[in-house]
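Each of the two complexes below includes chain A, the first together with chain B, the second together with chain C.
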Partner chain A sequence: MPSATLLGQALISGVLAGGMYGLLGLGLSLSWGLLRLVNLSHFALAFLAAYLTYELGTNYHVAPWWSAAMVVPAMFAIGLLQHWLFDKFRVNELASLLITFSFAIILEVAIQLYWTADYRRFETHYSTLSIKAGPFYIPVLELVLCTVAGVLAWGTWLWLRRTYVGKALRAAAEDADIAAAYGVDHKKLAYLLSGLGAAYAGVAGTFIALIATLAPAQIWTWLGVVFAVVIIGRLGNPLGALFAGFLIGASESLAMAVFSPAWAPVVSFSVLIAILLWNPEWA
Partner chain B sequence: MGVSATQSLPRLAAAGAIVLFALLPAAGLPAFYDSFLYLVFFWISLATSWALLSGFAGYFSLGHAAFFGVGTYTTATLTTQLGMNFLPTVPIAAAMAALLGVGIGAVVFRMKRLRGELFALLTLAVTFVVATIILNTPIDGGAGVFMSAVPLPHILPTATGTIYMLGFIMCVLTLGIAWSVVHSRLGMGLFAIHDDEDVAEAKGVPTFRYKLAAFGLSAGIAGAVGGIHAMYVGFLTVAGTFELSVPLYVVLMSVLGGARHWLGPAVGATFITALLYAFISGGEAMVGRAIVGLILIVAILWLPEGVLPAIKQWLKRRRRLARPETRAAVVPVVPPAAQPIKDRSLLEVRGVTKRFGGLQALDGVDLDVRASEILGLVGPNGSGKTTLINAISGFYPLTSGSIRIDGVEIGQTPAHEIARRGVARTYQIPRPFANMSVLDNVSLCATFGGPARSRAEIRDEAMHWIVFTGLDGKEEALPAGLNLHERKFLELARALAARPKLLLLDEVLSGLNPAEIDNAIRLVRAIRAQGATIVFVEHLMRAVVELSDRVAVLNEGKLFALGAPREVMRDPRVVSIYLGKAYAA
Partner chain C sequence: MQHRTGVWRRRRVLTGLAGAGFAMAVGAPAIVRAVPSGKPVRVGGTLSLTGFLAQTAVIHKIAAEMMVEDINSRNGFLGRPVEYVLLDDQSKPDVARSLYEKLITVDKVDLIQGPYATAPILAAMGVAQRYGKVMIQSSMGIPKLQTYDMAFPATPFGPEPDKTYPNVLLDMMASFPTPPKTIVVLTSKFPSAQFMAQGMREQSEKRGVKVLLYLEYESGNRDFGAIAARVKEANADFLWVGSLGLESNQLLESLRKLDYTPKNHFHLYPAPGPLALSPDGDKALCSTFLEPDEPFMSRPGMKKFAAQYTERATKANLPYTIIDAQACGMISEWQILEAGVNGAKSLDDKAIAAWLKKNPVDTVYGTVRFDGPFNHGTALQLVKQVQNKAWKVVWPKEFAAPGVKLIAS
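On to the complex of A and B.
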């Protein structure tokens, strides 16, 4: 059994890593829960954003917050474009899953053709910065990531709960026809939500560029975990996705510390399967 | 001559192809052809096995790599670590993969309303879990497994020839299995599950068992294919075996060729494998992957049914143009003399209670229905009429109470068992199987609901009821091509084809015009004259009074009144629950 300090450190880094799961899960949860579209290309969009941030940063010396100001709106536009396709062909959940799967593959190939399959790393002077709190180290970037994820999740949650637009969206998710009969312009809202989901992928991508080493195949590494997070956090619930992200991040990190790093992928799915066995109506 | 020639031609072609491909290695082609054709066989087998569950029954799995991988590593472990011969490991690989599939199915198929995309992602999740376990245990251990020391059986003189032959045998076997599934009860049931699972269960299809069987078969074939593929690959890694491209390609091939046709996945697999091979040999493997992705998008948007069904439909349309359609006039049904009502109770409902959360839909209902009787079931909206129909047909498990048919308790019996005991029902809003012709819709109900009969007898029986309900001339049409009146009568034909002892009719008359109602009333009389007992829910009082021997009134989940139609309908208490107290003079 590892020492208490080690476990504590594992817990902290786990929760912080979980912030990334939550942030990636946010956009996914919204489109799946409220639009009934499963967007597997969400991960590819995040990596596209990360590569763009990397490109702008290393070749043009653009600071990541400035590149985010360009990349995030661009992602919003891609989200609108994708939704136009879904809308035009009245795509259902399963077809959306297959189409976005293919779209992700095409993006992966495009990324590999332009940036090659080599590992890319965006070096900044603050990438290794950390705060020391007692015996524990807290990496600053991850802390910022978690704060941003928290603000976005909470803001989205309030938006869905409190405003007319949010209520209209939730009503349309329950029954689009009835909502339309009461004057909800579901189509316009769906476009807004799709754009927003893609924009969140852009935000996640900025942080991926700063924190992770980039390679085209990495697109798929978070797929399983984040889907588990989205289901555990309940579809369409932004705060749920965030907290599920923290939960899974922490449990993975503890599993790595106690057993072996290679066992981490089993954790999220075991939690997911356990929840579904306990309550099949969960998802 | 026409019939025998059109039937034997495909058979001859199939036999010819088998002989040709079996003799091909003897032609002494370069080894390149052996391995290319092996890959074609490999993908045909994998894609076809995927379609057995996902195409036929509509449960899209993204976890085919898990079953394939379990098979691969079963063979690898048994041969390299336990020193077994290669050939006997293949059936073991199939068994292990099938076991995993059935295990997953036993868990997830118990979930009520398992949504399609959730099933897809759960199977994907299983792939990750299995891959991680294999990576972290001595099965692989992260170093990969070399298969080069494992001797191949001497089927053919060359190694590539032997692997070709193994792949070919597997491919023929898989296609044979797919063909026989399509032409069996299992296939019929799976197609019905694809269209409407609840209705399939109510018509007597054991949906849970069938889904498990399809999952086991699908996973088992994938496992056997994996076992053979281990020998082809030579060096196994977890990353290479549990690759995402396996589910991607398998889905793509099936969807492209037509996942609901037994040969569709094979068509798609041949096309895609050739395409990929062209790109790989041209050194553009990445571009090939992107193009495959693009084709999948285009296929889903413009050809959702797949190439093969599209061609079939086109041929059918041409044939129909050549042969003018005969539209038979609706034959009025003349009711023979009614059978006498017997003293024996066919249906006994005792203290039946059904709660949905806080809502008491049925509250201690007692009701006896005598054999050969027509019982009208009326009551205001929300009084529990349809819930009672649902409870008797087994769609809802009872909260408490008991229901007996012919003295046999069915209160907790699954719906398909109840259907086999001779209970058939119709739906208020018709729910035909959307992708099956009228004839197939009725045949399915005759197959699963009625007594065991030969295929020809079932067809005759189905045609009999199609003519009986005036749908003749429409037997090849899809339900979407019927109007409401015809769809209501299709509901009736489906229920009748099961030769029910007890027929539950849920508002068959609603939405029909007066002439159609007269015709329907005659039909119901004719059905009773053939010996069936009928319980029918109806709002139309004219029909209730004309048809019923007795009327039962439900109100707020309780049996409110029971008796002869005219007396019950004049009872001031009954009038008051319908129209309010002021009218109850």
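On to the complex of A and C.
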């Protein structure tokens, strides 16, 4: 039987890992839920941002927070450009899967051409710092990631619920024609949301550069689990994505601690199926 | 995408002929270096240039290109230049299978070379068998799966590495000032790593080293936090990790976040550069077949290959540019193919296979034979250790570089 310390540590690790799932799920959830576009290139954009952070940090010694100040607006611009293409070619929900998948493949190849297929690691002196709390250790970077994910998710949730723009976006997602009748310019708002989703990918990418090891094929590492997170958290619900991320992360980690690490992938999708069958009010 | 190297160049041949003519005219000795000429011998193969195995394939590609140039700078194959037709199998066995079919039936290559990693090799081996082609491969970690009698290993794993190599490690552990009594075996479910991990668990138990924990994780595992917590709690004398790529770095970082450093730790197939250069990699042990040190550097051609590899890896923008066992696997593949062609004096696959079965071949890995089970010869798997951010062979002692000693906790 695992000790209480092991279980507690696994829970902490899992919740913090879930922060990354939530952060990656945030942009995807907004795009899918409010624009009806399933943006598979979200993961590639996050990795592009991670590689840019790595490049700036390793070759130009730019601190990651300054990198983020450059990379996140650049991602926002890419999001706008991407939406311009969606708009121009009248891409619908199903076609978006194929088109954004192609876009992700192109980005993967471009990343490999420039940075090669070899592993890249952005070494920092704070990458393995931890805070000791009783018998437990809390990794600092992951804690910062969770805090940033929490602030972004909460801020976005408030923005969608309390501001005119947010309410207009939600109304347009419900029924674009009726919203337009009330003066909502859905097309312009969609650009804003698309840029925002890509910017969130940029934020996630900055943390990926600091926490993970980069290789072009790893663009797809989080795909399955983040889709599970977005569906469990309800499409277009930023706080839902974050809490679903925590739930999946904690479940995977506890499965690793109690049973076997090989059970982790089974757990995330089992949770998804269980919640879809249970169909609670919040899901 | 198709890459072609070593294509016969008319200008080069004409230059060679002119040079030879000039040498004869001025009465120079009649021995003139042969320049391959005629229709190229096309050697086809795939590598995982994209996908999750691409990190290693790029190393193999550089080594293969070096070898094709090296062979063509001598006599090619039977006096004809060698052309390497390389395709990208995208790290997918099904793609590898289709591409070997294409190489043999559409591109009509004369010979083939094996792809990288167990699964693509198995896929390609079926095609090779169907068309009766010799296939030399350097990275099939489960030798017993190589059941095709015209498939040959370029890397000396030996027929039963799951038994022989754990005993090399256990011998090394027994030589520690305080021999480890307990072990944690942690492994990726990647087939060749899992195969070796099961062997390590069995052999450890047989030799009285208590296995406190045996854990398997999915290949491509994202989070090592909970696994690290279990490793820390077990606190064994020795940690054995059946890792691939960056998994070892991820695990060691997670352990450091828990303020835990394993007493002694071994890693099966990690990415060599990142682990050697990581602050957590100090004294890490790892499997190898050679390193660019003595006694290996005295093997024929090794110094030249090491220098060429560094030059080309730097040019290719690779972060780790030192030649290692991965690159040498591909060098060995081409050395064996060249020896087979020259020995059989033929491009006929059956003749090459028959010659290889009867004759030893000198490679960068030393002299290899193919007369044992599954066409394997003697196992030559060694242990290296990170010392001052560089890999050094430390076990068996006779293969350690002068002045290098195994460091145990």
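Keep in mind that, in the parts below, the second predicted complex is superposed on the first by the 279 of 283 C-alpha atoms of A that agree within 3 Å, B and C clash if a C-alpha of one lies under 4 Å from a C-alpha of the other, contacts with A are read in each partner's own complex, and residues count from 1 in each chain.
Keep in mind that, in the parts below, contacts are C-beta pairs under 8 Å (C-beta built on N, C-alpha and C of every residue); 3 or more make two chains touch, one makes a residue touch a chain.
On a predicted model such as this, the values are computed, not experimentally measured, just so you know.
**Q** After aligning the two structures on chain A, examine chain B and chain C and state clash or fit.
**A** Chain B and chain C clash in the superposed model.
**Q** Go through the superposed model and pick first if A:191 touches only chain B, second if only chain C, both, or neither.
**A** A:191 contacts neither chain B nor chain C.
**Q** Contact-wise, after the overlay, does A:10 reach chain B, chain C, both or neither (first, second, both, neither)?
**A** Touch partner of A:10: chain C, not chain B.
**Q** Does the superposition put A:130 against chain B (first), chain C (second), both, or neither?
**A** The second partner, chain C, only.
**Q** Is A:249 in contact with chain B, with chain C, with both, or with neither (first, second, both, neither)?
**A** second
**Q** Of the two partner chains, chain B (first) and chain C (second), which one does A:109 touch, if any: first, second, both, or neither?
**A** both
**Q** What is the contact status of A:260 with respect to chain B (first) and chain C (second): first, second, both, or neither?
**A** both
**Q** For A:118, is the partner it touches chain B (first), chain C (second), both, or none of the two (neither)?
**A** Only chain C; A:118 stays clear of chain B.
**Q** With both structures aligned on chain A, tell me which stretch of chain C collides with chain B: 24-32, 96-104 or 276-284.
**A** With chain A aligned, chain C clashes with chain B through residues 96-104.
**Q** Mind sorting out which residues of chain A both chain B and chain C touch, each in its own complex?
**A** 109, 112, 260, 262, 265
**Q** For the complex, which residues does chain C have touching chain A?
**A** Residues 49-52, 54-55, 57-58, 91, 189, 215-218, 220-223, 225-230, 233, 245-246, 249-250, 253-254, 256-259, 271, 273-274, 278-280, 316-320 of chain C touch chain A in their complex.
**Q** Taking the touch rule as given, give the residues of chain A at its contact with chain B in the complex, in rising order.
**A** 32, 38, 85, 89, 91, 93-95, 97-99, 101-103, 105-106, 109-110, 112-113, 220, 223-224, 227-228, 231, 260, 262-263, 265-266, 269-270, 272-273, 276-277, 280-281, 283
**Q** In the complex, go through chain B and note every residue touching chain A.
**A** Counting only chain B, the residues touching chain A are 60, 107-108, 110-112, 114-118, 120-122, 124-126, 128-129, 131-133, 135-136, 142, 244, 248, 251-252, 255, 286-287, 289-290, 292-294, 296-297, 300-301, 304.
**Q** In their complex, what parts of chain A are in touch with chain C?
**A** Result: residues 2-3, 5-6, 9-10, 12-14, 16-17, 108-109, 112, 115-121, 123, 127-130, 132, 137, 139, 212-213, 215-218, 221-222, 225, 249, 252-254, 256-257, 260-262, 264-265 of chain A touch chain C.
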